[in-house]
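This report concerns only the one structure given below.
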Amino acid sequence: MLITRLFKFSASHRYYDEARSPAENWALFGPCSYPNGHGHNYVLEVSVRGIVDPTTGMIINLKDLKTVVDQEVTQRYDHRHLNLDVDDFAGTQPTTEQVAVAIWQRLVAKMPIGELARIRLWENDDLYAEVSP
Amino acid sequence: MLITRLFKFSASHRYYDEARSPAENWALFGPCSYPNGHGHNYVLEVSVRGIVDPTTGMIINLKDLKTVVDQEVTQRYDHRHLNLDVDDFAGTQPTTEQVAVAIWQRLVAKMPIGELARIRLWENDDLYAEVSP
Amino acid sequence: MLITRLFKFSASHRYYDEARSPAENWALFGPCSYPNGHGHNYVLEVSVRGIVDPTTGMIINLKDLKTVVDQEVTQRYDHRHLNLDVDDFAGTQPTTEQVAVAIWQRLVAKMPIGELARIRLWENDDLYAEVSP
Amino acid sequence: MLITRLFKFSASHRYYDEARSPAENWALFGPCSYPNGHGHNYVLEVSVRGIVDPTTGMIINLKDLKTVVDQEVTQRYDHRHLNLDVDDFAGTQPTTEQVAVAIWQRLVAKMPIGELARIRLWENDDLYAEVSP
Amino acid sequence: MLITRLFKFSASHRYYDEARSPAENWALFGPCSYPNGHGHNYVLEVSVRGIVDPTTGMIINLKDLKTVVDQEVTQRYDHRHLNLDVDDFAGTQPTTEQVAVAIWQRLVAKMPIGELARIRLWENDDLYAEVSP
Amino acid sequence: MLITRLFKFSASHRYYDEARSPAENWALFGPCSYPNGHGHNYVLEVSVRGIVDPTTGMIINLKDLKTVVDQEVTQRYDHRHLNLDVDDFAGTQPTTEQVAVAIWQRLVAKMPIGELARIRLWENDDLYAEVSP
């Protein structure tokens, strides 16, 4: 059984691989390679698997889950430029895939109870990445 | 292969554990412990796994699925107070987790064809619980 | 020109007119008349008309708008039973129409800058009321 | 790890089994059996499982995924009548289940990289079918 | 003050002007001119302006509004082909604009109380037409 | 009568008034003043008022509307940093209000037929600005 809470943050990013030529970058990344970046309203679904406590009816208290996600994700990524303000994407691109992987790594060992079962990260209404163990 | 139909109901509920002090209840449940309760527009996703009938193209006729869900869930929970009008949550709280578990137990043996594969219950746009076998 | 911010709250309510018979109440209100009430995830759109400050680019600072709406609406209605916990609906029913009217009256004289131009209150995805001057 | 992109198309369809009587068709399919059909805004979620390329940050370039889905699905189904304009549903009905199966079969061998992990097809906001290996 | 209720129906349609050549039809309508048509999940917002009854809290009883919309719109358009099954679009095309106009004309004189203030018709998530007096 | 089409673009921005101190900027703009900016998935609703052509059923051909919006808005703002890549916000901030005003000014004289009646710009699901004549 899983409980899932959604979180939101806004961030900007850019895709550009310094090891490739400008023409190769354009072919790979198109307008995502513009020098000053662009941004998104990200939506993050965090799913926790666990036992329902019979007296509280909860797998995890949502306040505790929010505390962890705020500390590990929102305070680092929200209103930030993911290339310039965050260390997590050195040597790669802050694609939906890589942002999801970074969030998974930040959260997986931090659950106060239960276990992280799945995260889903929406970059916009048409695109999401999913990580599970 | 799964077919999933969404159903909606509106209900009110309250979280309060009589075995705990008022202060403990407030610490655990916050405003969910207010004495007169509050409510939600619940959305229920019911997923059925099965074989597609080659002539009808269906795993299950959606009219038959609706009949079961109406009888087992909607007629019991819709426009109701989950603590006061329903027996399913005695000794626990009607949290998203526990409402999902109760719905699973009500539906799992009642599929006229196929098998119940997953239910997902949304309490609001930001929170859902998921049960599967 | 208008700027509109959405706010959310969860509340329960019941429709019952003591001056009418139980049968008349049922005919008028159907399951909304069940004694213990039910509830909704309300969404409130608050629209402010005004002049855009040329240096801040804002009609109203959204933090100031949030402060007013929290104080006048959210702290009174959120996680509450609108019949039992709030005085605003004595002698009438907390329908979408009446809740919208009550919110309009609470907010209209409280804008720190600009003027309240329109409120829209959604009871669920299929129903909303709208008040304007 | 999965990356999922959503695609949209509009199509019309009709459910009618020539081997059954008109009365049986009505009992089975109701208004879906009207002779001239009706239609939907379909939403298709295509999920690809694979390895994230460390320099591009991508499982699959979304432009390449879009090329395949356009060629195999959108150009065949979009703005079309699924019974009259498409061969995929001879002898069965273009139900959500069968359209999802047909899309799966069209896409499964065509991924330029990674593997097709799941498709989800929404017929409207309340109904979807899901296929996975 | 306005109360607005949403209604849904699914229908198919085709755009083709017999007075124009095939090439002109293609230039004007593109894939909307395919001979067998396509379809949509329409969403209709019906807004009624009126006085709130002080004892019921309602501008109009939503059951009465639903009865009128079912009779005038849903029973005629739902699961239908708007060109072939409905008389309302002879000599024109069932565009979002024209379907909205036809619905307005069907509903405007039929409100049991209050007055029709606005209708908004969504053809999909990206397109809507609006009619008001 | 109005027809409205939605358009989407992704952009980044920052709020910072050089004429104010860092502390004043923080007090006014909070995390929106971070030096490297952040971003959003913007949704733009463009409403055109006009006469429905009786043979085409259209106020404006949506292809023509799309051409104008692409040229005036999408090609300038999409995947761009609104402070660094666009001239429209010199001396002010690219707030939802100011971006809406800039879009209005770009579009108002460019309608090939009918007249621009209203634009609504969503910065995220909880905030929008509206401009009308």
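We call the chains A, B, C, D, E and F, going by the order they appear; numbering starts again at 1 in every chain.
Basically, a residue touches a chain if its C-beta (ideal position, glycine included) is under 8 Å from a C-beta of that chain, and two chains touch if they have at least 3 such contacts.
No experiment lies behind these values; they were computed from the predicted model shown.
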item	value
Greatest separation from subunit D - chain, by CA centre	C
Most remote chain, CA-based centroid, reference being subunit F	B
Option in C-F, D-E or B-C whose residue-number contact pairs overlap A-D by over half	C-F
Copy pair subunit A, subunit B: interface residue numbering same or different (half cut)	different
Centre distance in Å when subunit E and subunit F are each reduced to the mean of their C-alpha atoms	29
Touching two or more other chains - residue numbers and ranges from subunit F	125
Which pairs of chains touch, using the document's own definition	A-B, A-D, A-F, B-C, B-D, C-E, C-F, D-E, E-F
Subunit B-facing residues of subunit A, complex	1-6, 47, 52, 54-59, 61-63
Parts of subunit A lying in touch with subunit F, wherever the complex brings them together	8, 10-13, 31-32, 34, 36-41, 78-81, 84-85, 124-125
Residue numbers on subunit F that touch subunit C, as the complex places them	15, 17, 19-20, 28-30, 89, 91-98, 100-101, 125-131
